Amino acid sequence: MTETSSAKPFKRLLLTGAGGGLGTILRERAKAWADVVRLNDVKDLGPAREGEEIVIGDLGDRDAVLAMMEGVDAVLHFGGISVEDKFEPIMNANILGLHHLYEAVHKCGVKRVIYASSSHVVGFYETTQLVDAGMPLRPDGFYGVSKAFGEALSRYYYDRFGTETVCLRIGSSFPEPKNSRMMVTYLAYDDLVELIRCSLFTPRVGHTITFGTSNNATKWWDNKHAAHLGYVPKHSSSEFAANFPDSAAYPAPGDAPTIYQGGPFVTAGPMYK
Amino acid sequence: MTETSSAKPFKRLLLTGAGGGLGTILRERAKAWADVVRLNDVKDLGPAREGEEIVIGDLGDRDAVLAMMEGVDAVLHFGGISVEDKFEPIMNANILGLHHLYEAVHKCGVKRVIYASSSHVVGFYETTQLVDAGMPLRPDGFYGVSKAFGEALSRYYYDRFGTETVCLRIGSSFPEPKNSRMMVTYLAYDDLVELIRCSLFTPRVGHTITFGTSNNATKWWDNKHAAHLGYVPKHSSSEFAANFPDSAAYPAPGDAPTIYQGGPFVTAGPMYK
Amino acid sequence: MTETSSAKPFKRLLLTGAGGGLGTILRERAKAWADVVRLNDVKDLGPAREGEEIVIGDLGDRDAVLAMMEGVDAVLHFGGISVEDKFEPIMNANILGLHHLYEAVHKCGVKRVIYASSSHVVGFYETTQLVDAGMPLRPDGFYGVSKAFGEALSRYYYDRFGTETVCLRIGSSFPEPKNSRMMVTYLAYDDLVELIRCSLFTPRVGHTITFGTSNNATKWWDNKHAAHLGYVPKHSSSEFAANFPDSAAYPAPGDAPTIYQGGPFVTAGPMYK
Amino acid sequence: MTETSSAKPFKRLLLTGAGGGLGTILRERAKAWADVVRLNDVKDLGPAREGEEIVIGDLGDRDAVLAMMEGVDAVLHFGGISVEDKFEPIMNANILGLHHLYEAVHKCGVKRVIYASSSHVVGFYETTQLVDAGMPLRPDGFYGVSKAFGEALSRYYYDRFGTETVCLRIGSSFPEPKNSRMMVTYLAYDDLVELIRCSLFTPRVGHTITFGTSNNATKWWDNKHAAHLGYVPKHSSSEFAANFPDSAAYPAPGDAPTIYQGGPFVTAGPMYK
Amino acid sequence: MTETSSAKPFKRLLLTGAGGGLGTILRERAKAWADVVRLNDVKDLGPAREGEEIVIGDLGDRDAVLAMMEGVDAVLHFGGISVEDKFEPIMNANILGLHHLYEAVHKCGVKRVIYASSSHVVGFYETTQLVDAGMPLRPDGFYGVSKAFGEALSRYYYDRFGTETVCLRIGSSFPEPKNSRMMVTYLAYDDLVELIRCSLFTPRVGHTITFGTSNNATKWWDNKHAAHLGYVPKHSSSEFAANFPDSAAYPAPGDAPTIYQGGPFVTAGPMYK
Amino acid sequence: MTETSSAKPFKRLLLTGAGGGLGTILRERAKAWADVVRLNDVKDLGPAREGEEIVIGDLGDRDAVLAMMEGVDAVLHFGGISVEDKFEPIMNANILGLHHLYEAVHKCGVKRVIYASSSHVVGFYETTQLVDAGMPLRPDGFYGVSKAFGEALSRYYYDRFGTETVCLRIGSSFPEPKNSRMMVTYLAYDDLVELIRCSLFTPRVGHTITFGTSNNATKWWDNKHAAHLGYVPKHSSSEFAANFPDSAAYPAPGDAPTIYQGGPFVTAGPMYK
């Protein structure tokens, strides 16, 4: 049992990637869950606000990662690279960095990690398929492959050491859907926060993989393997339906970004351009 | 990409069976989707209204079918025989007629067909079973067998030529449920229209099979294989629950129309009476 | 077809265990369904009220059970032992007693039994698993084993004689959730009554196994094998969420009552204390 | 129980398509199973030999089919068109003809039909997939679609009237494999005969679909749904392995006949050439 | 680790039902596995031979069962009633008796039980179905229901206490098949012994359910859930094929013993005659 | 189509890890398949023999890998680290090295890779489970995690570029089983070679994952997803059964190496000792 000496559930949460898109959102919202939210990023995060600690450092730096894990109860791991890129930087941040993170988690006895995986681990399924967390991975780029690595590594830490992880296969978390694909993958910020709340406070999660979307009409992902999280989205991309009127502009045959769930990721990749 | 020169998504839709029960409904509702709705039936359809073209003709007539397909963007195929009958007329309308239709679709380069299949392709499953579109067919009569043929033929056209089809396994689409079986199979007209709208405007559907019901309390059919259509019914047969009060009049053992999902169809069939 | 000579669907229902927790609730609520509700328990039930018949007697007494079944249309079997206990009393009430019940049901031609099974037939699945009625049983005590026996016996009576049974794997039916586990397993009284109503009045149920919970956020059980019952819960444990604030007090590794769905049952058992 | 007045199990078998490739084989081999083998084809079959009756006639001719069914115990239906062709002749022989056959089977009280379906009902599955009889059909041409019709029609006759059928999804039954695809699909004549023997003499078959191959090393089809037939092949295409030495001549990307199980059928089809 | 002071793997095995059909076979064959085989039955077993201990006693007698368990390493539980009978004697021997057995196993720290379950726990599946150990039970009588109880009780002992059990769903173990049904269910004595050997000596079995047949041509049961036992049958009912020549005497429609796998058991049951 | 100017199927194969245990075997056996076998390792491989080319170099060296790929038709990738180790060397050889390999494969237009994955990608499944290639990964160490990465990366290359890979989840390939676990995981050298031969010469493999064992009695792995490879093992660990007599020395409760398929790997890992 984790001792808490205040009214907030946790004493200290570590939020990595605190300067990124979702990190910025979580920096505010995580305050409800812990006396102290320790923020990490490679880039400047501005001054620490009340209830914050700031640790600038690279996940590829083993000692830095060990240091930032001291005294942490649970981790929201949103750090690393979150778009398609060359392999080497992805390897440094998302593979070596994740190794450092779990090594530190293990050494410091941290109980639970909320890990920002990605729906791009299954981006090469077709848009007419319904995918669940028990199906084989089909990543759509180096980024997706690095997240596949992360799901495997965190599974190992659970099977071997009992370290619990919830892998969030986040769809598209933005203020609103930017294109018709995001009408399917949209995750409202409020729903993202609720999903993380469920992931943090469900008494036992083992190693859970969950897709992160709002209650959108079209569904590519079946969350039956994460029904124990109790996540109930309150938003839907239907709120933005008027932005995307009915269109009969069918994609051309063989147009990969509309055939596959990964969308533009499936033809990205700097090495091959 | 289908070029459209107006505010409506399609230039021209073909609606077959326009004089039938559902055809009459769709004749009005399809106007929102196309500049021109071309209407076909073997029987008189009255004068063409604004935005309509009328083509009287038999699906069993190859040349007639080819002619009505000229200039068509997408097809709502509700023509043919929709009740149990002798085999020969069903074969002419639903088998030979469908061959003609797809032959014409292929020759004219039509991109998508919305095909009125039927829940009677699985009418011999029991009323205690939950059926999905991946399970083997169990048709409950010549009509159901002809729809099984149609699902196979349209699958072939997709696998071979990329022609997209959504097969609608419609339950019972009437103004309201007429009996307790229809409390399960009811599809409100508004929901039928919404299902067709989703089928027409989802960017990519491949070959999709979907069951067509409203959000009724009792469910015999699991639509997980069509989750990519984004269909969200707004009605439920529960609106009519007062018409069907609780009754303990259990069916007799061996009463086929209550044992099997097909209801009265499973004992129909003129040839054997 | 069961003849009824009044406005209520049934002439006579038998409710066993009428003095128990749920029996007390059902004693009132079952009146809507039958002219006469015959009440049975081993303990005193007070005087018969209007529309009631009272039969005090032990399920382990074959003749008593036969006598109470005379003239009964359908049975709500909530009698027997409903907590973990020594094997012998459980065997007498839940195994021998159930044999007596079905023997009498068969002899008297009763058409349908609503049988209070229990989620403790699957109590040794983990709290991170989603269980459905098609999965192997993993009972969490003698009580759960006796309910596994009951599901097997009632299945036999259906396969052999066509006697219909709905097995209710009830979660936790109390006025409100008493602990965080019950936030998952909670079944509001109104929803219990609705589930029984569906079980009684669905025209054909065969041998159905259904989990009984309200529409709680967290789900351990998938009711897909009972979709034909048309049960739509109207309550949710979320109504009581404020009673169980977020807590980071994670269970200790190896803490069986939080690892397994059965909760405290999985370490109960008088014989081993 | 079928009465038999001789040492052979059946009094009279009907073999349709008796002049075709497999029909010629079965003409000889079926003699072991019946006092009389009635042979049908549209083409001349030469003089009747001992234990044979010959009936020349078209399956598209309803009266002819009814006449040939008189006095028949069971049917080996190998008639019709067995290659890709235009739709109309396939419809006449394989759809209308099959309707006539089952109508006659029903009227004459024939108990069982062994129906030559084809692996081409699943020809559009890929050569890296393992297909079983519970999976959706993916026919590879009009011929395959007509066999899909046949499987649906025979299923209906079983569900409605109890007429038993074994659908044989025959691979490639020739004296020896002619190409590397047939190393996978090969069915030795002896094994074909054994499969038919099992299909005829298993006491109860219901409606069974089975794939027909010898015990070849490479398997595209899993016969788990037909394990009750007791078919144990004795041959393997490995007997001819020396004819097909290892080759690294990989197919070109997108080469449909090597991507799909149907092989050359998937690009056949006279209408589109 | 179980200490053994001799060349035989076990010091003492307990064989219950030692005077029954299979018990008599195992009395001889079990000698290879243990220094002492303790034999139990309610009936006289004759004098103890070398390496034997004899304990006469009823499984319904708790103290007797406790006494016979002293000093035992592992149990071959073939005692109890193995045919359909009235409920009360079956309950005494197979339900109460089994409770006594596992209570004693637990108190004495016995590590593993080989439990003679029966294929009659799934006797109401049809003869055209392939059943595996993960599918719901469908017992075909009180005997089958009592074995369903046994599988549930032993599962509980494994989940709660780690006591390992292999449940053998034995088909028909006789010197040779007595009828055509036994051509499917036959288990040669040598194969029975091999199956028990595998069950005893696989290092870890958890709670395993396995069907017990020889390598017969027709298969109703898929043993995929017991592949870790390493059981490879060496016999087949095909050795006796000449005793059951091909016959076209199809069963009458509705003939339960040929429709269901349980054969004559499905219509047995003394209470209802 | 790959052009070949000689009697051997390939002009040039690249064998990495040629100095390792399996590499040494394959160095000899691969000669049958190619005019030239190019051998790579980081350690000395002795002089090149007839039909050999030798390239010493580290997989972590991008340019070296690119150079060794020139002119190669297909790759047998047995290089890298094949035991549990610290993360960094595993990352260099098995993650960065594999990236280099596939980058080179892509640039040089190599058609097919035979990739030595490992059964340790699923080492944390229990020894009572049957695992197939469609189930989620449960690696048992950094080594297993690196192989999980490799399966994901090669899947990506197939989905994106059509590069074919067969992932071999090799059990234990040694001259003979060294312990009782290897009686389950044993892969005879002859069978390894046959499995590679099938993987190289099956006309189309897409992205195939196959487990590599001989025909051992005990099976933990179901190869149904690789049935198209046509692999038929000719050996069995039963040839060595006499080395492992029956033993009742059951493992202690909680003994991880006997509970999990990975055996001693599941408690290896230098970092935590």
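Should a chain be cited, it is by its letter among A, B, C, D, E and F, assigned in written order, with residues numbered from 1 in that chain.
Throughout what follows, contacts are C-beta pairs under 8 Å (C-beta built on N, C-alpha and C of every residue); 3 or more make two chains touch, one makes a residue touch a chain.
Fair warning: this is a prediction, and the values are worked out from it, not measured in the lab.
Undergrad: Treat touching chains as neighbours: how many steps, at the fewest, connect chain A to chain D?
TA: So the least number of steps between the two chains is 2.
Undergrad: Counting C-beta pairs in contact, which comes out ahead: A-C or B-D?
TA: Result of the comparison of B-D and A-C: B-D.
Undergrad: Rounding to the nearest 5 degrees, give the angle of the rotation that lays the CA atoms of chain A over those of chain B.
TA: 120
Undergrad: Using Cα averages as centroids, what's the distance between chain D and chain E in whole Å?
TA: Inter-chain centre distance comes to 41 Å.
Undergrad: Report, in whole Å, the distance between the mean C-alpha point of chain C and the mean C-alpha point of chain E.
TA: 32
Undergrad: Between chain C and chain F, tell me the centre distance in angstrom, where each centre is the average of that chain's C-alpha atoms.
TA: The separation of the two C-alpha centroids amounts to 53 Å.
Undergrad: Which chain D residues reach two or more other chains?
TA: none
Undergrad: Viewed as a graph of touching chains, is the assembly arranged as a line, ring, star, complete set, or other?
TA: Topology of the interface graph: other, matching no listed pattern.
Undergrad: According to the definition already given, which pairs of chains are in contact?
TA: A-B, A-C, A-F, B-C, B-D, C-E, D-E, D-F, E-F
Undergrad: Write out the stretch or stretches of chain E touching chain F in their complex.
TA: Contact set of chain E toward chain F: 1-2, 4, 9-10, 33, 73-74, 111-112, 162, 164, 197, 200-206, 208, 224-225, 227-232.
Undergrad: Can you name the residues of chain A that touch chain B in the complex?
TA: For this pair, the touching residues of chain A are 126-130, 180, 183-184, 216-220, 222, 238, 246-253, 258-259.
Undergrad: Touching chain A in the complex: which residues of chain F?
TA: Residue positions touching the partner: 87-88, 91, 95-96, 99, 103, 106, 121, 124, 133-142, 144-145, 148-149, 152-153, 155-156, 159-160, 266, 269, 271-272.
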